[in-house]
Amino acid sequence: MSNGQSTTRDERFAHGLEVLRKVDGEAGQRVVDSLADISPELGHQVVAWAFGEIYDRPGLAPRDRQLVTLGMLTALGGCEAQLDVHVNAALNVGLTPEEITEALLHSAVYCGMPKALNATFAAKKVFAERGLLPVGQQPAPSATSA
Amino acid sequence: MSNGQSTTRDERFAHGLEVLRKVDGEAGQRVVDSLADISPELGHQVVAWAFGEIYDRPGLAPRDRQLVTLGMLTALGGCEAQLDVHVNAALNVGLTPEEITEALLHSAVYCGMPKALNATFAAKKVFAERGLLPVGQQPAPSATSA
Amino acid sequence: MSNGQSTTRDERFAHGLEVLRKVDGEAGQRVVDSLADISPELGHQVVAWAFGEIYDRPGLAPRDRQLVTLGMLTALGGCEAQLDVHVNAALNVGLTPEEITEALLHSAVYCGMPKALNATFAAKKVFAERGLLPVGQQPAPSATSA
Amino acid sequence: MSNGQSTTRDERFAHGLEVLRKVDGEAGQRVVDSLADISPELGHQVVAWAFGEIYDRPGLAPRDRQLVTLGMLTALGGCEAQLDVHVNAALNVGLTPEEITEALLHSAVYCGMPKALNATFAAKKVFAERGLLPVGQQPAPSATSA
Amino acid sequence: MSNGQSTTRDERFAHGLEVLRKVDGEAGQRVVDSLADISPELGHQVVAWAFGEIYDRPGLAPRDRQLVTLGMLTALGGCEAQLDVHVNAALNVGLTPEEITEALLHSAVYCGMPKALNATFAAKKVFAERGLLPVGQQPAPSATSA
Amino acid sequence: MSNGQSTTRDERFAHGLEVLRKVDGEAGQRVVDSLADISPELGHQVVAWAFGEIYDRPGLAPRDRQLVTLGMLTALGGCEAQLDVHVNAALNVGLTPEEITEALLHSAVYCGMPKALNATFAAKKVFAERGLLPVGQQPAPSATSA
């Protein structure tokens, strides 16, 4: 948005929601919904600020943002719920299971084995849910693709 | 390396040193040198394991490894010395100052403002040393390029 | 206590227990009980030192201590069990659900969104148990108050 | 601001700057200035978002926000620069040196001695600059107050 | 191994597996197995590097390595799964339940009460599984020892 | 002390000071002195509680306490000042430079390379001050030993 463009708070939320949906799919919406009765303002800020203002900027590709995010969540520790959302997001924006797994192997160098293991098991859960295990094997082609 | 290839410890160190030099240039060598009188084994492991075994794997591009690394170092906190090395490394493997700055802005969402600020000031120091400030402006073309 | 006052270890424990009960109610006692077969000394120190010596000091109001504590537990991460105890404690010493929720929103600025979300969901669990959801609505007055 | 109010990005920055000045005085402005050549957007977000959107909310008193912030910065570790700004801010919004010192003593229970010590020494530096040492003694009344 | 000795990757894995089994027993093998379908390389590095290269070095006794490890896992936070493995490992290499409990009490000084409590409860789970509760009581002598 | 023994606050401080001196020598006293004008109570608690109550317990040898402490300080990060004190303390209670260096190498497995490097450089500073570099070489025997 240009500096001069005037927007309402609701418009900024609506804009963030579009960005959120592209990155996180349904998972992002579920986080916002679960905040409705305790801190709707935190839900608003996740959407309008984190996604509407930061994720939306053109200076770094969505795929690159997820690489940085996976590194941060692994290093912070105790963010298994967020790793679930962002391993899904990483797949949504084009990272392969092999690249995600390799990034988490790489994290062992900087964060140590325990955090690398915790993050890898969080990714395993997501890959299992999406039928992407074992990593490194191609999913069988569907019948209709023949 | 194939699983069957036999190597000595010294060969693995020499291999890691090649990878280290491509990524970190002189800065990596200086870290290894500064360990010589206190923990040469830690220097060996940084080179032979971190670079020779992990960095060298083909599954993630060097540029992508630096994005993950910048995220981790920002999140860990207290790693200004390592950020110095890796902001340099990020530039060496093709990330632009704009992309690095954007990755550190992105880190504010996940790590909070203090760690984003600390990492951004660590990057500013490197950019200043390499004549890359202000970020977002092209360096003036040298006279000989005219 | 004046510097000159002589006390036994058991008296210091008894004094801490009084302070603990005012702040944490039953939850504090349960933590101490669960330590009885593994580390009664840790239970003693939580009571006699943390509560008897530190919490009991007059220089900071109990309500203010809980604000600082909520900030620390959010920032540390991985302290959901302690957040459960201290969100309850915060309510016990006079912080409102609205103030607690606002403090956790504020934490997003310093700790980032993942830790702010983790702490907010820990608070949501406590508020639900005490019938305080949705935050921002008054509990219905009881019939006997009419 | 009401949800319906339309504002430009520049207006949101200007609003945040007013809030920042009340809390942090000159120190906040210096942080923003030092970001101008590396990440003006991070400076914008500190001002327009952190201060304009979060700090400005009425649900938690400025004094209470600083108590939470001191707790978070102490727990995060490696945030001595931010502690410098926020110990000043805490004094600006009405916390006494005694309350700040007590909050940092309290942090020993939750963060351990090293982080409590690091934060206390950061506060000592600020108190010394403002003529507030030793803590617990009243500054001498100025001649003009007689 | 001498610097001149030539080994294959598989030989280094096999060597690490021997060391791992002495320290962690079955628990280490289970971690490696659970990585087989997501990141066999991370499993390889835990075994061949962490155990084959680092744990195997003679400069620090296995018992001392576990003391350092318990301290690190407690301080990192969010490493309950790894504490489970390493409280078991600590018992395997000769630390007594009393020493482990005392080390975790000691951690309260440096990491604060929440992390000391989290680690102590992780140890309690292991001690309960191995019939070692309450700590400080001798297990009843077996009939055959009479 | 038996549970029934009655002590004053000053006696508990005096007792802690004795323990502190055995472990930390002058360095511990300097920390307490530097707190005198900002938080004498934090100084009291470091001495009377951390050393008088925890360090003094017989269940874990002083040497073992330092191994745990080195692990924790390395993992916490940002505790270079405390590592300075405790690398000295580790030498004071009988750990060799080789064992300390090996413990910090071991920390690379659990905390990652950056924190292992930071701690190793903190140790290097202490070893240099005490004439113990390079590690692994014996100090020249004094003339009187011939």
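For reference, chains read A, B, C, D, E and F in written order, and residue numbers begin at 1 within each chain.
In this section, contacts are C-beta pairs under 8 Å (C-beta built on N, C-alpha and C of every residue); 3 or more make two chains touch, one makes a residue touch a chain.
Bear in mind the structure is a predicted one, so any value in this text is a computation, not a measurement.
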| item | value |
| --- | --- |
| Of all other chains, the one whose Cα centre sits farthest from chain A | F |
| Contact-richer chain pair [A-B vs A-D] | A-B |
| Interface copy of C-E among A-B, C-D or A-C, judged by whether over half of the contact pairs recur | A-C |
| Superposing rotation of chain B relative to chain F, computed on C-alpha atoms, to nearest 5° | 120 |
| Chain whose average C-alpha position is farthest from chain C's own | B |
| Distance from the mean Cα position of chain F to that of chain E, given in whole angstrom | 24 |
| Distance from chain E to chain B - Cα centre to Cα centre, in angstrom | 31 |
| CA centroid of chain B to CA centroid of chain C, Å | 42 |
| Shared interface positions of chain B, touching two or more other chains | 41, 45, 50, 54, 57, 72-73, 76-78, 82, 101, 105, 108-115 |
| Residue ranges of chain D in contact with chain B within the complex | 31, 34-39, 41-42, 45-46, 50, 72-73, 76-79, 81-82 |
| Sites on chain C touched by chain F in the complex | 1-10, 41, 45, 49, 53-54, 57 |
| Chain F - residues contacting chain A, complex | 108-115 |
| Residue numbers on chain F that touch chain E, as the complex places them | 49-50, 54-55, 57, 59-60, 64-65, 67-76, 82, 98-99, 101-103, 105-111 |
| Residues of chain E that touch chain C when the two form their complex | 77-78, 101, 104-105, 108, 112-118, 120-121, 123-124, 127, 133-135 |
